[in-house]
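Below are two complexes that have chain A in common, paired first with chain B and then with chain C.
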Partner chain A sequence: MRASLKSEKPFAIGLPALVWQALFFYLPLALVFVSSFIRLSNEGKFQGFTLSHIATFLNLIYFKVIGASLLLALSNALLCFLVAFPLAYFLAFIAKGARNILLFLLIVPFWTNFLLHVYAWFYVLERHGIVNTLLQKIGLIETPIHFLNSTFATMIMMVYYYLPFMVLPIFSALESFNFSLIEASLDLGASWNSTFRRILLPLTRKGIIAGFFLVFIPSFGEFAIPELMGGERHAFVGTVVSQYILGEGTGSLGSAFTLLSALCLIAAAMLLYRLINFLLIPRMRRG
Partner chain B sequence: MRDIILKKLKKSINGQAIIPEVNLRIPAGKFFALLGPSGCGKTTLLRLIAGLETADAGQILLGDNDFSKTPIHERPINIVFQNYALFPHLNVFENVAYSLKLKKIPKKIIEQKIFKILEAFHLETHVYKMVSQLSGGQQQRVALARAIMNAPEVLLLDEPLAALDFKLREKMLLELIELQDELKTTFIYVTHDQFEALTVADQMAIMNHNGEIEQIGTPKQIYEFPHSSFVARFVGTTNILNGTLHDLDSDPKIDVPGLGMLKCYFSKKADWMVEGCTAIMSLRPEKIFISKKEAKNFTNQIKGVVHSIVYHGRSTQYNVIVGDNIKLQIFEQNEEHFPQEVIDYDDEVFLYWQRENGVLLEK
Partner chain C sequence: MVREGKVARAGALLVTAFTYLFLYVPIIVLLVFSFNSERFPSPWTQFSLKWYKELLHSEDLWQSFRNSLVVAGSATLISLVSGICLIFYASQGGRIKRFLGMFYGNLLIPETVLAVSMLTLFATLKIPLGITTLILAHTVLGLGFVIPIVYARYRELDPHLTEASLDLGATPIQSFFKVTLPMLRPTMITTSLLVFIISFDDFILSYFVAGSSAQTLSLYILSMIRSGVSPVVNALSSILLVLSSLLVFIYFSFQTRVRIVP
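Right, the complex of A and B next:
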């Protein structure tokens, strides 16, 4: 009976989640929105509406900050995809018996503290760290390379941290993928490259897009990793927001910048969504 | 047109020999059926020919040309998968045109070809539908059309009709025969269904549980003169009788305990046939006549008691106990509405058949 499924009962089941969502997501969002447009006195009294908070940030410097965050998020999502797809493919089609343990290992880092990850990477990348020692032992380099406090170190840590968010959706898309479609494509004369573009990518599109945005959106607000690993060379959206929100009496400015950058993020995400869809749909559909 | 020749082909998966060693010649331009029980390795053999698996040893030749190392997409061979493996993100046209688009054939020519084949396959009203919108039979046709579009020298069919209902299967079998007749492409049809194999094949091979080929021949040869009890039992239904062999050169007989001497047939005397050796005989149920009266002009006649009767519509199956509690099956065509002679449970009956219907088996 379809009608009974649409009755109030399932709605009741979803209600706690909805309340949670309303209290801890929609309400704060509304507060951010409202406080972006109001003026408060030093005592915190309402003094009317204003666009001046927003106007403060309509400045090239701040759009450069947003741009840097978008670039960080985009490059992280792309790098994650490049690493995650082969990994997910391996897990789905080749790993067989080792699959569960490998999936487990992929998730294990989430159980440890974020700062521990950072220190672990310090040990790996520092002057006398594992990588430098190894490269010197092999004889590839003579003097240690300066890895830390660079974009390189930032991106390594970013990819490392966000990788599971990309691997898991792609893995689940590949797992339900009918492997004989690849065989059929090869059998019909397509090369591996062609099969990848025409069959595998379009048919795992949903997993790729899900993974892409699971990485892209949170990396946009990321500021801890670039600060710790990359030094303080660039300001990111997260840096600016935290400064204003934590600052004395600058809460409204923080809200306004949050709102502005969120709008930019939404616009960028929508554009990217269209672009990725366009790229992943096989050429033969486009004629 | 070139024959396909499999030479000493071997394949193991996870240390288990799926195909111990196969030697087989599949004649060019023929409809060849490979019949065997589920899990016997026939699909693996097909996948080896297609290039979806690599053989551990041996050769796959097309004429004189060994292509066992040729990558899959360069073999002049196409396969129709059991689950069809149609591309769900493409419509019927795009599925069928897949191989042509890869070859960068001009759009106009592709369109002409596709519309022609879709019409021939009764799919002209479904050109722009997604494959998920089609029925099982239509999907089957799309899969077939897609494989044929690549103009293969050999078409492999892996249980292509397994997912269809009986009526549709019968219809598709006839369409496949017509198609093969028209294209003259070598078809290799893998199935576990003896009815399908007997219907379509010009030549067929029977594979046993161990992945060995037991017998090769025309459907008629296989059915009428099976070499082994495996073939006799697997293709059709049969009665197997065990006994000892006598009078090989003058008047071959098999002495079945409790039934006495039964005259039997073999096409060629083999080395193992010596006076008094043990032997097996296959006797097809429809070759035996049943009556309450004695009959003349038959080389063999025995007495028995009707144990059970099963009515099948076009025929009736009698299970008759003979000799030392041996149960024989007999199929009688239901030719008359009101048979003159009614046979009932526990009736004493005579069973009779001609010598050539009792076929000696090698093993």
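Right, the complex of A and C next:
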């Protein structure tokens, strides 16, 4: 039996997926890398190597753009975590019979086009939107507040869209977490705080880290939400990249900036990975 | 210390309640105003279906809707079939573990980077942008979901079942189609739904590789939003919400079955 299994290996049938992946994932990435370093004539002819595309972006303005994107991604991931952990805790340990319906209600907006949610928030935050109307009716404010076109509106929409990416991994980590460990720790005299700090957080670390990066990495390239909700006040990596890449004849500049910001993202992600592990793993107390 | 546990529970309850309010208040407002006879910001006047009627007559909308269906359908089909072929190769004794790492990058890199590199490829090879490039790009996204998920499920299957079928005289190919594939079916269905909806709702990849000829639903919605508030968008939202609830419902019903059958 074993022998017959090993004798036929129709490798060709496994190929399509591998070829597709090589042609449309790795080749394009390699092209971005290469085109950041070559000069092309107007007709697209190769004219030699250059560092000038990269050098264009070694400028404080562009590092501020990258910094703004990193800050956006980091604050989004932190806000999502602060909301997602209690929510996932509720779903895993308290919700019981309501758990499935709550999970269902969490996924439905997530599976609906996010632009429609951007649009929905216009209704809520607009000058004549429900928040302003409500606040005016109660008498808290007299003139409507400008919520739109602000960092506040951007962050609301970012958290709204990315929250499930954080909740689901933390939820599945908590679901497989043995709740009696908490009871044991409390029985043995630990306070709730130190149980949380030294048992619950470290043991659900994998879910937290997965959620963190599932939010952090895509948020870095986000440009639609900041542009629609935040106005054109701040430039983010996605905005700059799309302007260069979609512009006439600035493709290689776009590639160079993509490469540069991807390198910054990787460096930041590695640093954050170490930092989160450092924060979540409890250290032995001496004495 | 018991009191602190109660505080934690109350806190979790509070956050959950606020989150669901946060998630659903905008949606409910949107739905309510889709039935209002007057345009926003005028307050509620009268129940009306006129925005839904207007939606039905919008030729551009249905064209972009069809485009999105074609792209999402093709991307789902291609990524699923080629993924299953790879699993078939594994089931016949091929070792694919070394190739798996190749597919994790698809979801790890920011979609903007993926979109930029795709566009660079298409520009270099002078492939005209349109439905074809959309399908090519969305399939890459699909493979990033299909292969890791289906392979993980494949590894969880009980190898004794395949061995039994081989002992009973099935050829390895028969055993794949009659034993392995039926056991993978629920995972294949849920993963297809996931890939379909991700492609259908995708914005970033489409924004870069659609070109000017092929508009997807996301791009159409973007142009509608940019031209200002219109109750037609509300009507469209409520229809899409119903559709996605239906898909999530199907997804969930298969997920629980996966959990019940070990």
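Assume the second predicted complex is superposed on the first by the 262 of 287 C-alpha atoms of A that agree within 3 Å, B and C clash if a C-alpha of one lies under 4 Å from a C-alpha of the other, contacts with A are read in each partner's own complex, and residues count from 1 in each chain.
Everything that follows uses one rule, which is that a residue touches a chain if its C-beta (ideal position, glycine included) is under 8 Å from a C-beta of that chain, and two chains touch if they have at least 3 such contacts.
Source: prediction; values computed, not measured.
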- Message: Just checking: does A:202 make contact with chain B only, chain C only, both, or neither of them? Give me first, second, both or neither.
- Response: first
- Scan A:49 for contacts with chain B and chain C and give back first, second, both or neither. neither
- Using the superposition on chain A described above, determine whether A:116 touches chain B (first), chain C (second), both, or neither. second
- Message: If you tally the residues of chain A touched by each partner, is the higher count for chain B or for chain C?
- Response: C
- Message: In the overlaid three-chain picture, which partner chain does A:126 touch, first (chain B) or second (chain C), both, or neither?
- Response: second
- Query: After lining up the shared chain so the two structures overlap, which partner does A:184 touch, if you call chain B first and chain C second: first, second, both or neither?
  - Reply: first
- Indicate the residue numbers of chain A shared between its chain B interface and its chain C interface, in ascending order. 186, 191
- Query: Any idea which chain A residues touch chain B in the complex?
  - Reply: 178, 180-181, 183-191, 194, 199, 202-203, 281-282, 284-285
- Note on the structure: So, in the complex, the side of chain B touching chain A is made of residues 50-52, 72-74, 77-79, 81, 83, 85-90, 94, 97-99, 101-103, 146-147, 150
- Within the complex, which stretch of chain C touches chain A? 1-2, 4-5, 7-9, 11-16, 19-20, 22-27, 29-30, 33, 40-41, 78-79, 81-83, 85-86, 88-90, 92-94, 96, 99, 102-103, 105-106, 108-114, 116-121, 123-124, 136-137, 139-140, 143, 147, 163, 166-167, 171-172, 197, 200-201, 203-204, 207-208, 217-218, 221-222, 225, 229, 233, 236-237, 240-241, 244-245, 247-249, 251-252, 256
- Of all residues in chain A, those that touch chain C in their complex: 1, 4-6, 8-11, 13-14, 16-18, 20-22, 24-29, 31-32, 35, 83, 86-87, 89-91, 94-95, 100, 102-109, 111-124, 126-130, 160, 163, 186, 191-193, 196, 217-218, 220-224, 228, 237-238, 241-242, 245-246, 251, 254-255, 258, 262, 265
